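Please find the structures below.
Look at the two complexes coming up: subunit A is in both, with subunit B in one and subunit C in the other.
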Partner chain A sequence: MNLAHKNTLNWIMVTFVLFIVLLLAGMFMRIIQANMFSSAQSWFYPMMTLHGVGMAGLWWVASIACASRVLSRYTAPSECVSRFALYGTVLGVLFLLASVFLGQFAAGWYFLYPLPFKGGWPTWATLSFLLSITILGATWLVWILDLLRSIAKKYTIGQALGWHYILGKTGPDVPPAVLITAVSLIAGVACLLSGVVVLLFFYYEMLTGVANDALLMKNLTFLFGHLLVNLSLYLAVAAVYDVFPSYTGRPWPSNKIVAISWNSVLVIVLLAYFHHLYMDFVQPTYFQYVGQIASYMSSIPAAVVTVFGAIALVYRAPVRWSLGFTLMFFGLMGWGIGGIGAVIDSTIAVNSKLHNTLWVPAHFHTYMIEGLVLMVLGYFYHYCQEKTKLQENLYFQKIIAALILVGGYGFLLMFYLSGAHSIPRRFAVYPADLSSGAQLSGIALIFISIFLLGLVLYIYETGRRWVKSLDV
Partner chain B sequence: MKKFSAMIATLFVLIMSGGAIGANSGENSFQLKCAACHSIGGGDQIGPDLMGVTKRRDPNWLSQWIIHPDKMLNEKDPIAMELLKKYNQVPMPNLGVTEAEARDLIDYIAAQSETQKKDSAVPAQQTTQEPPSAGVFFGGLKGVQLTALVVFFVLSTIVVFVFWQIAKSTRQPVPTIDMKSAYKLRKWFFFGTAVLVFGTLIATLPKTPYPDDFQTPDRLVYVAAKQFGFSFSSEPITSASDAGQSTIINSLELPQGALIEFRVTSLDVNHGFALYDADHSIIAQTQAMPGYTNRLRVRFPKPGTYQILCLEYCGLAHHLMHAAVTVR
Partner chain C sequence: MTFNFTSLKSRTVWIKIFLLLTVVFIIAPLKAQEQEKEILEKVSKSLYNQVPDVEISLPNNQKLLLSELWKDKPVLINFFYRECTGTCNPFLRSLKTTVEKVGGISEDYRILSLSFDPKDGPREVAAMAEAVGVEKQKDWMFGTIKPIDIQKISDAIGFWYRLDSKTGQFDHASSITAVRNGKVIRVLLGSLVTPTRFRDMLYELKGTFVPTYSNPGENVLFRCFRVDELSKSVKFGWGMLILFIPGFCALLIAGVLFHKSSHSREPMGLS
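What follows is the complex of A and B.
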C-alpha cells in the first residue's frame, strides 16, 4: 500500500471515529437541554466545548484531507507532511481531551478572552487547552503550507488563482479544484496566523499578568473561527468540483467566471467575519456595514457560479445515484440552505433579534452537517468505492441518504424554530419562560437518532469498502 | 451645655449614618456579588440558600470562605469540597471581597435571615413553570423573528424544489445540454440575485441599532455585568471599585415610551445583555465587554416586566444570569 493511500485511509478512519464521539457529545447537550438527564448538567459546558472545538477541527482536517487527495492528481503534496499532520492532530486532541475530561475546561469552542482565565476550572486545564490549540494550529499551518508549496511548484500564483482566465487567456489549464484550493489555503494561512496571534496574547498574559484588549482579542478570535469554518467548506467544494464530472460525464472546467468568482471569495471571506461583532456597539460602525455587505456579497459567487454550475452539470445528465454522488449533490443543497439562514442572520437589523439565539447554530449546523459533512462523507465513499469497485445496492444507499437528510433537517428545523422563539444558544437549562426550548430539544433528539442511524449505516457501507481497500 | 448637646447629636448622627452606610454597603455588595448565585430565604439557586448561614457556620470559616474561596478549594477544605460536590461542581469564585466587605456581608445576611424568619409565617408565593404550550412550533412568533423565519422557509423551499427537479431530470438523460441557454439563464439568475442582494442591503442598512448622537436619551442606566448577575446604577460603573462606591438600583423601574440608554460594561468576562418582552421575544440586545461600554437605546413599547438574559456564554452558571426591569 502506498503512503498516499494509507494516509487517506487513516484520515477516513479518524473522521469516522471522532464524528461519532463528537456527535454523541452534541446529543448529550440536547438531552440536558431537554431536561432528561439533570444529574449530568455540570458536564454540559465541558461537552459543549469538546463538541465545538472537536467538530470545527475535525471537518477542517477532513476537508484538507480531501483537498490533499484531489491535489495529488495534479501536484505532488508531501505524504510525510500529511502523516505529520495526522500525528499532530491526534496529539492536539489528546491535550484537548485532558483539559475537558480531567480539568472540566469549558470556555466554549472559540474560548473567548478572558473566559479561559476566569471560568473556575484549574489553571492547568486552561494551559492544556491552549497547548492543544497551539499544537493543532502549528501542525495545520505546516500542512497547508506544504499544499501551497506543491501548487507553487507547478503553477505561478497568478495561474493558480486563475488570473490568466480573468485577463482573457485560456491556458494553461488550471483545474477548478486547484484554483479553489489555492484560494482557500491562502486565506487559511491568514486564518491560522490570526489564531497564532490570539494564542501568543493568551500566553503573554499568563506569563506577565498584563491584561489584553478584549475587543482586539474578539476580532482576532472571530477572524480565526469564521475563516476556519468557511474555508473547510470551500475545500470540500473543491473536491466536489473534481469528482462531479466523473459522475455526469460532462466537464466542469475553469473559466473567467469561475476565476472571478473564487478570487472575489478570497476578499469577501476575509471581511465577512465582522458580522460576528454586530452586537459590540463600540466596534467602528463602518466595520459593521462592511460585515453585512461582505456577507451578502458572498452569496453571489456561491449561488450564481458554484451551485448554478453544479445544477447545470447534473441537469439531465446520465447520473448513477450512488451514495457518494447523492451525498455530495445534497451537500451542495445544504450549503445553499445554510447560506440563506446565514445571510438572514448577517442582516444587522435582524441580528439584533437573533444574535446568540439558537438561530446561529441552526444556520451553521445546516451548512456543516447537511453541507460540508455530506460533501466530505460523499467524497470518502467515492474514494473507497473507486479503489474497490464493490457492487452497489442503490436502494439501500437511497435509504441511508434519506435517513441522513430527514434526520438532519428535522434536527435543524428545531434549531430554527427555537431561534425564532428567542431561545438562547449555549444554555444548559432554559428558564421557565422559555420552556419551549426544552420541548424542541426533546423533538430534536428523535431526529438526531434518525440521523445517527443513517450515519451508522453509511459507515457500514463505506467501512466495507475501506476494509477491502486495505488490500489495494 | 449647648456644645455638649451638639457633640452628642453629631455623635448620634455619625453612628446612625455609619450604621446605615454599613447596612447599605452590605446590601449593595450582596446584590452585586452574591445575588446572582444565592438567595436569603428564597431557596437554593446556583449556590445554597444563605438564610441562617451565619449561625450554621463558624464565623471565621465563613469570613475566609467569602474572601478566599479559591484558596480553600485548592487546600481541599472539607466543607468547601462538600459544597462543590453538592452544587454541581460549580466553584464559588473569588470576587475580590475585602475583610471589611465580608463583615458587612455577614451582618447583612444575618439581619436578612432574622427578617425572613419573622416573615416565615406568611406562605411564600409558589413559582410554577408554565404548562407546555400547544403552539411550541409557531405559536407566539412575531415581528422580525417571524419575518426571518418566513423568508428562510420560502427561499429554502425554492432551493429544495430546484434541487429536487434537477435530481428528477436525470431520469431522462441527454448527453449534452444547450450551454448557451444555460449561460443565458445564469445571466438572469445573476441579475435576479444581485437585485435581491442590493435591494435588501438598501432596505436594511439604515435600520441598525447603533445609537446616534442626534437624540438625547430621557434616562441613562449604567449596567455592570459580572459572573453571574447584572448591577444597575444611575452612576457610571466602569470598574469593580466603581461598583463598590456607586448606588446600586435593586429594583429597576423605567417609564414606558421614554428613550432609555443602557451603558453596558462587564467587570470580568464577555456577557450579553438581551431584553425580552412579556411574550418572551428579544426586543434589543448588546454585548457587555470588559474595558468597553456599549450604549444600547431602547423605548419600551408596553408596560410590564421585561426579562434580561445574558446571551454571551460566560461560564458554568451562564444560563442562570438574569435580571428584570419593570416598565410603568
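What follows is the complex of A and C.
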C-alpha cells in the first residue's frame, strides 16, 4: 500500500472515530438542556468546549485531507508531511482531552480572553488547553505550507489564482480545485498566524502577569476562528468541484466568473470576521460597516457561483445518485442554505436581535453538518468506492442519506425555532420563563438519534470499502 | 447489501424504537421541566427583595440588628428548628462541609442560621450550633428572632414553613438566601448544598466583574487604543497594527514561496 493511500485511510478513520465521540458530546448537551440527567450538569461547559473545538478542528483537518488528496492529482504534496500532521493532530487532541476531562476546562471553543484565566479550573488545565491549540496550530501550519509549496512548484501565483482567466485568457488550464485550494491555503496561513499571535499573548500573560488588551485579543481570536471554519468549507468545496464531473459526465472547468469570485474571497475574507464583534462597543464603528459589507462580499459570489454551477451541472445529467454523490450534492446545497442564515445574521440590524441566541448555533451547524460534513463524508465514500468498486445498493444508500438529512435538518430546525423564541445559546439549563428551550431540546434529541443511526449505517457502508481497500 | 431492513418485521421494530425515543425524549423533559419550573419560580420570586432589618438575639444574649451583619459583607441566611427530625441537621451539616471545602467565610461572607420555632431559645440554638460543629466559628451565628419578625423575614427571603398538627413537626423549605446590602441576591433551594452551586452563589455575591476592557494606566501589553489624558482624545495604539500582521505575513509568505519555486517549475504550455 502506498503512503498516500495509507494516509488518506488514516484520516478517514480518525474522522469517523472523532465524529462519533464529539457528536455524543453534542447529544449530551441537548440532554442536559432538556432537563434530563441533571446530576451531570456541571459537565455541560467542559463538553461544550470539547465539542466545539473538537468539531471545528476535526472538520478542518478532514477537509485539508480531502483537498490534499485532490491536489495530489495535479501536484506533489509531501506524504510525509501529511503523516506528520496526523501525529501532530492526535497529540494535540490528547492535550485537549486532558484539559477538558481531567481539568474541566470550559472556556468555549474560541477560549475568549480573559475567560481561560478566570474560569475557576486549575491553571494546568488552561495550560494544557493552550498547548493543545499550539501543537495543532503549528502542525497545521506546516501542513498547509507544504500544500502551498506543492502548488507553487507547478503553477505561478497568477496561474494558481486564475488571474489569466480574469484577464480574458482561456489557458493554461487550472482546475478549480487548485484555484480554490490556493485561495484557501493563503488565507489559511493568515488564520494560523493570528492563532499563533493570540497564543503568544496568552503565554506572555501567564509568565509575566502583564495583561492583554481584550479588544485586540478578541479581534485576533475571531480572525483565527472565523477563517478556520470558512476555509474548511472552501477546501471541501474544492474537492467537490473536482469529483463532480466524474458523476455528471460534464466538465466543470475554471473560467472568468469562478476566478473573480474566488479572488474576491481572498481579498475580503480577512475582513468578514468583524461580524463577530458587532456587540463590542469599543470596536471602531467603521469596522462594523466593513464587517457587514465584507461578510456579504466574501460569501455571496462564491456560494452563488458554486451552487448554481453545481445545479447546472446536474440538471438533466444522467447522474447515478450513489451515496458519495448524493452527500456531496446536498452538502453544497446545505452550504448555500446555511450561508443564507449566516448572511442574515451578519446584517447588523438583525444581529442586534439574534446575537447570542440559538440562531447562531443554528446557522453554523447548518453549513457544518449539512454542508461541510456531508461534502467530506461524500468525498470519503467516493474515495473508498473508487478504490474498491464494490457493488452499490442504491436503495439502501438512499435510506442512509435520507436518515442523515432528516435527522440533521430536524435537529437544526429546533435550533432555529429556539433562536426565533429568543432562547439564548450556551445555557446549560434554561430558566423557567424560557422553558420552551428545554422542550425543543427534547425534540432535537429524537432527530439527533435519527442522524446518528444514519451515520452509523454510513460508516458501515463506507467502512466495508475502507477495509477492503486495505489490500489495494 | 445483505440485511433487509425494509421487511415488515423490521419495520415494526423501527416503529417501536421511534415510539420509545419519543417517550424518552419528549415526556421525560416535560416532567423534569415542570419540577424545575416550580423551583425556579419559587427561587426567582424573592430576588432583589428588601430584607426587613430585624433584631437578632444570639445565644450569649447579645442583641444586634441584621443590618449590622450585612453592613460590611454579605450574609447567607437560613432557617432551622432544634426539634427537626427531618432535613435541618443534614442540611446544616452539608452546608458546613461545603463551607469548609469552598472557603471564604469571614473574608467574603457571614452565615446566619435562625430558628423559626418560637419554642427555641438561646440554649436550643447554641445546642444546634454545637451539634453541627460550628459553635467556634465566629462568623457563623445561630440566633433567634421575635415571632412576628419570623413571618416578615420568611416572606422576604422565600422561606416557608407549616406546622403538621399530627406529628408536631414543621414541614418547611430548605434554603439559603444570600443577602447583600439588605437585598436578596440569590436563593439556593434544596436540602443538599453542593460546592458548585455554593461557589456560583459566592461569585454572584461578590459581583465579580470580569473587566472586558482595560482601564487607562493599567499595565497592558499592546492596546488597540490609547487615551490622551490631556486632550481626552482617543488614538490608535500598536494593537491595531498587530491586527494586520497575520494577513500581511500570509501574503508575504505566499509571495516568497511562489517566487522561490519559479526556478524549478516546469513550464506550463497552453493545453
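Everything below uses one rule, namely that the second predicted complex is superposed on the first by the 470 of 472 C-alpha atoms of A that agree within 3 Å, B and C clash if a C-alpha of one lies under 4 Å from a C-alpha of the other, contacts with A are read in each partner's own complex, and residues count from 1 in each chain.
Keep this in mind: a residue touches a chain if its C-beta (ideal position, glycine included) is under 8 Å from a C-beta of that chain, and two chains touch if they have at least 3 such contacts.
Keep in mind the model is a prediction, meaning the values are calculated, not measured.
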item: When subunit B and subunit C are modelled together on subunit A, clash or fit; value: clash
item: Which of subunit B and subunit C A:T123 touches, first, second, both or neither; value: neither
item: First (subunit B), second (subunit C), both or neither touched by A:G249; value: first
item: Contacts of A:L215 with subunit B and subunit C, given as first, second, both or neither; value: both
item: Which of subunit B and subunit C A:Q104 touches, first, second, both or neither; value: first
item: First, second, both or neither for A:L417, with subunit B first and subunit C second; value: first
item: Contacts of A:F308 with subunit B and subunit C, given as first, second, both or neither; value: first
item: Touched partner set for A:T285, first subunit B, second subunit C, both or neither; value: first
item: Touching partner for A:Q439 - first (subunit B), second (subunit C), both, neither; value: both
item: Subunit B or subunit C, by number of subunit A residues touched; value: B
item: Common interface residues of subunit A - those touching subunit B in one complex and subunit C in the other; value: 42, 114-115, 118, 120, 211, 213-215, 282, 429, 431-432, 435, 439
item: Subunit C contact footprint on subunit A (complex, rising order); value: 34-36, 38, 42, 114-115, 118, 120, 145, 148-149, 152-157, 159-160, 171-173, 186-191, 193-194, 197, 201, 204-205, 210-216, 219-220, 223, 270, 282, 393, 395-396, 399, 429, 431-432, 435, 438-439, 441-443, 445-446, 449
item: Subunit A-facing residues of subunit B, complex; value: 88-91, 93, 127, 129-130, 132-133, 136-138, 140-141, 143-149, 151-152, 155-156, 159-160, 162-163, 166-167, 169-170, 172-177, 179, 182, 186, 189-190, 193-194, 197, 200-201, 204-205, 207-211, 227, 268-270, 272, 274, 276, 280-287, 289-296, 307, 309, 311-316, 318-320, 322
item: Subunit A-touching residues of subunit C, taken from the complex the two chains share; value: 1, 6, 18, 21-22, 24-26, 28-30, 32-33, 36-37, 40-41, 44, 196, 199, 210-214, 218-225, 237, 239-240, 242-243, 245-247, 249-251, 253-255, 257-258, 260-262, 264-266, 268-271
item: Residue ranges of subunit A in contact with subunit B within the complex; value: 41-42, 45, 104, 106, 108, 112-115, 118-120, 211, 213-215, 218, 249-250, 279-282, 285, 288-289, 292-293, 296-297, 299-300, 303-304, 308, 311-312, 314-319, 321, 329-330, 332-333, 336-337, 340-341, 344-345, 347-350, 352-357, 359, 416-417, 419-422, 424-436, 439-440
